[in-house]
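Dropping a structure here in structure tokens format, bear with me for questions.
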């Protein structure tokens, strides 16, 4: 039977790929237990739950981080994550734009700038839209 | 052809039903133009857009308002709205719980309390879960 | 020569009237020094400065508290204060509505509800608009 | 060997006493798994860690919740919790007042009002100060 | 008769000048409709309203963005905008300093740093203070 | 007898050392009075109070700034300050990790990144942990 840690690692890898590994590695010298908690609770407990599909979970996260405006690096990680689990660029752009209604135009503008940067990182030279 | 106002009124009614009407009525004496903007921009412009279905839009909104924690009345209105457009109680509960990861346990606990209150208002005496 | 405390008390009384006294009285048993700081720094130092007139200072404060959404009681106190120093109801309603752009519609709606409550407290029975 | 759940329940009871039980009970019908997460991660993982004593942990929490201003019920729970683990009323009042510097006077005033309410609940009729 | 879009473009140009154009241009490839909404609602609807003069509107915006602390690029744009519509450097500095009272010293310090950067951009080589 | 200004300067120097001087110097041309207020109120009034030791005050501040997520430069200044007054790296890391519970994992991750940067600045070449 899979442990919380193993399940979390699998989910983290499915959603964040290499970026997840980098975040975990960055915690190794300062707070290794926190890396373990990050794998176990958000990914092993929450993201692994049934009841809401992974695409919708990632759109909810991108919307929330856009609205909060306090976590720019994590917003970019989760825009990548949303694309990794199958969200389209259009769906993400719509969810971010919608935050103008709930958190104001600056929040939405900064969210769109993050999305633009992520989209460019993933398709620097061709027309791919994933 | 439908105006922004007409389209917004239709969307507001589809999502918020009677509650939307009450919000608009409450603005009549203090800021009637703001009632019109509320109908035109959030509902006539944003919610009427293609590219993201209404259920996902409402889950994104409930997630964001839960994470922000600054708008308790609007969170309840949009939990109602999410149920009105077809989200299940389970989907909403999952999206709210997930906010513990991004905005902390207090935000999620207060979101769950709002959901519990809304669920009770809609099914005070029987086991219906919509 | 007037001390910071005396100057602050005079400003507090000019802006907040009786409400300022009640806030100070409410601190007497739990944090009397904090009542003194409240009089000295915000009112004795900041509000007493030249360079920006008192009406504009209060509009800036109402706008900021509306946008933050985390201090409903203080928002109401400063809507009263803004009216006390000569802002019109229209000017305040405009400043609050404008926050929809910068902090989202829920923030503006909650600000308008606060303004509506304050306006009603001040003119319960007739058409006075101050 | 104690499980995370058992350790969390013990910590929750040490810090929050009856109030912790009431929060957990309130989640039973809407999100029972979330009650379990609340016991396991914040209390079983974080609060059970060595490296920072429980009194300092609770002062840090009261300071943070005061500064955020978005979670009034949890602020009151943790003011109770801080007193339960041995913080004095003076220490808590100091930590809350200090937040005027970092999050503004309204945040500190609302924190002091919460502290005043909690202190009154605990010593309604005599001079006890715990 | 002027459309919302035309009126908004005129207001955006009056307030933000070239910077407004750059923001709109930056949205062209990712969310062109959002550029249109930005022109129509904030500038065509809100900023074009009578009832509050443009200088006071910009001071309210600078105060709110300083207090929120979540939108550094937009804060700089609106410090420019405030100067463009006739606010003095002193008035802006006063409004930002005042936010120490309502949102804490870090918010005010970061707002002053933004103002200092904007002032330097506008007067790199001489003593002009506009 | 020591004035508020003198007492504040002494406290600022004790907590922030050179960094405090740099902040004050940076305000000289734009808002010299604000530099004075910063010394007088936060340091001369609040930090100089008895009732809570300086180590606990700095842990409370680091926790609050981590949770707020809106003031990255000040968070780093106060991580330095906490170390200057005797907090250990472990105590700070614990307080920051704990904020995952109250403000979410992104807030804690960004706080840990700030701590990691500060720790590296202070001990670039050897194993000292202060």
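Should a chain be cited, it is by its letter among A, B, C, D, E and F, assigned in written order, with residues numbered from 1 in that chain.
As a convention for this text, contacts are C-beta pairs under 8 Å (C-beta built on N, C-alpha and C of every residue); 3 or more make two chains touch, one makes a residue touch a chain.
None of the values given here were measured: they were computed from a predicted structure.
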Chains in contact with chain B and with chain E: which ones?
-> A, C, D, F
The larger set of C-beta contacts, choosing between D-F and D-E, lies at D-F
Most widely separated chain from chain C, with each centre as the mean of CA atoms | A
Over half shared or under half: which fits the residue numbers at the contact of copies chain E and chain F, same or different?
-> different
Maximum centroid distance from chain B, chain identifier (CA atoms) = F
List the centre-to-centre spacing of chain B and chain F in whole Å, with centres computed as mean CA coordinates.
-> 40
Between chain C and chain E, tell me the centre distance in angstrom, where each centre is the average of that chain's C-alpha atoms.
-> 23
Distance-wise, how many Å sit between the C-alpha centres of chain C and chain F, to the nearest whole number?
-> 30
Quick one: which residues in chain C touch 2 or more of the other chains?
-> 33, 37, 41-42, 46, 49, 65, 67-68, 70-71, 74, 93, 97, 99-107
Provide the residue numbers of chain F that touch chain C in the complex, in ascending order.
-> 33, 37, 41, 45-46, 49
Chain F - residues contacting chain B, complex | 67, 99-107
Name, in rising order, each residue of chain D that touches chain F in their complex.
-> 41-42, 46-47, 49, 51-52, 56-57, 59-68, 71, 74, 90-91, 93-95, 97-103
Chain F-touching residues of chain A, taken from the complex the two chains share | 23, 26-27, 29-31, 33-34, 37-38, 42, 65, 68, 70-71, 73-74
Interfacial residue positions of chain D with respect to chain C in the complex | 68-70, 93, 97, 100, 104-110, 112-113, 115-116, 119
